[in-house]
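One structure is given here, and the rest of the page talks about it.
Chain lettering (A, B, C and D) follows the sequence in which the chains are written, and residue indices restart at 1 in each chain.
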Amino acid sequence: MVTAYQPRIIGFLCNWCSYAGADLAGTSRISYPGNIRIIRVPCSARVDPLFIVKAFQYGADGVLVAGCHPGDCHYSEGNYHTRRRLALLRSFLDFTGIERERVRLEWVSASEGRRWSQVVTDFTAQVAALGPRVK
Amino acid sequence: MSQPIRDKARELLQTGKVNCVIGYERATDGITARPLFVYDVRDVDRLIFDRTCVHNLSRYLRDRRDKMTAIVAKPCDARAINMLLNEQQLDRQKLFIIGVVCQGVNERCWGQTDTRQQVRCQWCRQHVPPVYDFLVGEKPADEPPPAGFPDIEEFEKKSPAERRAFWEEQYRACIRCNACRHSCPGCYCQECFAENLDPAWVGIRIAPAESQIWNLVRAFHLSGRCVDCGACEQACPVNIPLMLLNRKLQKDGIKFFGFEPGLSAEAVPPFATFKKDESPGGEG
Amino acid sequence: MIDLTPDVKLFNVELDDPSERDRFDYKPGQFAFLSAYGVGEAPFGIVSLASKKDGIEFAIRKVGTVTAALHDLEPGASVGIRGPHGNSFPMESFKGKNIHIIGGGIGFAPLRPVISYILDHRDDYGDLLILNAARTPADLCFASEFETWAASPRTRVEMTVDKGDTGWQGRVALAPDVVKELRLSPQNAIAITCGPPIMIRFTLVRLKELGFADDQIVTTLEQKMKCGIGKCARCNVGGTYICQDGPVFTLAQISRFIEQF
Amino acid sequence: MLFFSEKSLTAWLNHLMLDRTVLAPVRGTNDLVYFQSIASSEAVSVGSQNAALSPKDWFFPRSEAIMSFVTKDGKTQVIPATMEKDAVIFGVRPCDARAISLIDRPFRAEPVDALYQERRNRTTLVGIACVTVCQECFCTSMGSGPFDAKALDIMLTPVDSGFAVEVVTDKGKRLLEKAIVQDRELTLPKPPEVKTVPSAGVTEAMRRIFNNVYWDRVADRCIHCNICSFVCPCCYCFDVRDYKGKDKIERVRSWESCESALFTRAAGGHNPRPSKGARMRQRFAHKLLYFPDIFGELKCTGCGRCVKNCPVNIDIREIIHDVQKLARE
């Protein structure tokens, strides 16, 4: 039997918006690919770029960071900082051969269960298309 | 250029304005230069300055935060001082900066006379230190060439697989001596993330996977802070082209945030601020 | 595993193969490495006597990653043990002498086997004075054994803390000052001390002032170690390897060190 | 005298590779020469300069699992590491061979480091004499020399179109059994002139100036970058930590440097060597004072790698000069 390649994806979700959004997707029985392993963080700004590099070192094929929409951060401005950091990190990792498409930053609110499902589905397909990171 | 530095150093020590002048002297090969700490006017004539003076001496200032110190600073070294001032790591009042006009420095190759100019210097447009108390050398009249990153653009043209292969070879070469960190003026953390035991972000194993996380995170911690002084690359005993990583981050720092570190003592580093309606790096 | 203080636990390590127990022979003052599998290994002084056949005891303060991992273990968990290493207290040569034991904090732990040994061979030794010092009353190691010790013939137990608490009626003073206050007599005596480096240094000075000769003062030193067998060149003080040449030294030996410990 | 033609040397190396690991200097990453396991003698690059890192990496690797632990049914088993095949290191310079013989002193002393011992017993060292010298080396002042064969099993000296072969040990003799060597008259080149340093009596001088402020002054410019220890062929400081894997735990030993600020810092924070001066002195004292006191030999072979690589030119030759001078004052 031939099994399609299943990428391993790590998701860092902010506690206030995106984690609640993912929860809503669950309670609303909206399905999405099970490739993602979710790590809850207090704010998307808690995601030290080091976590992302470490996830790749441990064999992740993609990393998704999700937080509150701009303006909605529980801590006022954490997600603006995340946006800056991740922009630079994606470009930097791409430079070292970890394609920028393997890292994604998304805004998902607590009410966007459906959007969460869409984001995960899209990202999983995108990472799957790149193939395994470690060949 | 050595004589005016010596004269100034003598004056500063004699008047008691500082108790140490950090500059350069000739190394034991008779060719390259090495850092020199002058405490005594009798030693000022050992001071030199020329194209072999590659070290970024501002790295030493963190050991002398509370002492009156004079320092010989090339433009990139002075940028490092600004960067450290931006981050509240130095007291400007305790510092006397002997700025030197610089037209580029050479690769540090012990015992070799026929060394090339460092790659980064080809595209440097900062020939005069952005901060100094006393300037040595003539300000150049020519318009400097525009800054650019042709080396980075060239590397970006490679395929992801090629880029990955290139860096994986470098990770294999890395012996994790940490000289890159110790030569860097920006790496002043009391305890580096790499030394954290719990969690051990970087294990002690000298192996590609650990070297990858070390090299990438080290460079990224200097994003918006690296002043392009090349100290890390000059120190590396296995010749890893670390400036490729650093210069990539500089290039993007300018492109995404319009920021070049170290040009002013009052600048706000890019990761300490944000704009509400920006989209750094574009969408997707 | 027994809690001795808020951050010190007493561990009783039993060998998987009981027949190996006799091969693991040790003397008061020796140390061994314990492994918390998956975290690492660290050296600890053995605090029991070899005559105790149902296990080997260690008093371990939670200070780093290995000790934290050991503290987190459940009773019955598996650990690695390597040793015994190092020299020991010359108990033979102490015979017939008055013994002063001065221990500070967790540094009191390696002196406990000396006390046990003397009490087991009580007639071989003169008067025994035990001074246990700690930061606070709660940090006094082996407090539950003080009464038994004090009840032994010709044995006196003294305590001191750097900082008392509401229930504390005893002394509040630094160990070296107590040494001075007690006017320990060097007459036919040996003083054995262990504690934080700063306490050892000052206790040595006070003992000298009281007239103790360099060979009457004995201490046991501790340094960061990786191998315990004189290879890793980490525990050396000057050219002296604490792991092999020590950890037990007389002041006569220490004063020949060229580097500070 | 025995003679190896280049052709028969190549054939011999290729023959050795059939059932052994053969390491030789190979030009690799960033144009530096390293000792690497080779699959063909064509890869060998024996130039006039020594390799960037010494073959100590083979006996005392930068990182290795010295043992592993497997837990089954509540019992933990300790599995020692071993070596697969016998090995040959080709192209070892006299200074690096001597360095290995110096690391032998502590590592092969009782209790022996079993893995190191096994590697030593099962590895044969084939040396190449230095007919030219690097400008930073000073081997003759450190008990060796460009033609010194003492610590090798076989010594090859470059001559016209081949090498003169000196069989130093029985192990070397056995390795040559399948080799085609001719017995012929050979004129050996003259050993090159090596710069010297005043190493005689430096141990006593070190003892005398141990507490001199000199160490703090030199350490001013030291950036404690660890390069010197990592490139040194006879530095053997290491760190040990556990790695948790899926089915086993590995106890890993890696190179470390006594120059590192955390080297002697114990859990709890006490550090007997808190200053750069004390740490830098430790490195030189270990080489020039403690090791000679214990083993009777200076722990330096004059290979010059630290001199060449130190970013701030802390030059052991200059240190020895200064120490001798200060001790006389």
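One rule holds in what follows: a contact is a pair of C-beta atoms (placed from the backbone, for glycine too) under 8 Å apart; a residue touches a chain by one contact, two chains touch by 3 or more.
If you're wondering where the values come from, they're calculated on a predicted model, not measured in any experiment.
Put simply, the chain closest to the centre of the protein, by Cα centroids, is D. Between the CA-based centres of chain A and chain C the separation comes to 53 Å, rounded to the whole angstrom. In terms of their C-alpha centroids, the spacing between chain B and chain D amounts to 32 Å. For the pair chain C and chain D, the distance between C-alpha centroids works out to 39 Å.
Mean C-alpha positions place chain A and chain B at a centre distance of 34 Å.
Within chain C, contacts with two or more other chains are made by residues 64-65.
Residue positions 239, 241 of chain D each touch two or more of the other chains. Chains touching one another, given as pairs, are A-B, B-C, B-D, C-D.
Looking at the complex, you find that chain C touches chain D at residues 16, 35, 37-42, 61, 63-67, 78, 80, 196-197, 222-224, 226-227, 229-234, 236-239, 258-261.
Only residues 69, 71, 74-76, 78, 106-107, 109, 111, 113, 207, 210-211, 236-242, 244, 249, 251, 258, 263-268, 270, 272, 278, 285-286, 289-290, 293-294 of chain D touch chain C when the two sit together in their complex.
Across the complex, chain C is touched by residues 197-198 of chain B.
Of all residues in chain B, only 27-29, 32, 34-37, 55, 59-60, 63, 108, 110-111, 169-170, 172-173, 175-179, 181-183, 195, 200, 203-207, 231, 234-235, 237-241 touch chain D in the complex they form. Here chain D touches chain B in the complex through residues 28-32, 52-53, 62-63, 135-136, 217, 220-221, 223-227, 229-231, 239, 241, 243, 252, 254-257, 260, 262, 276, 307-309, 311-313, 315, 317-318, going by the rule given at the top.
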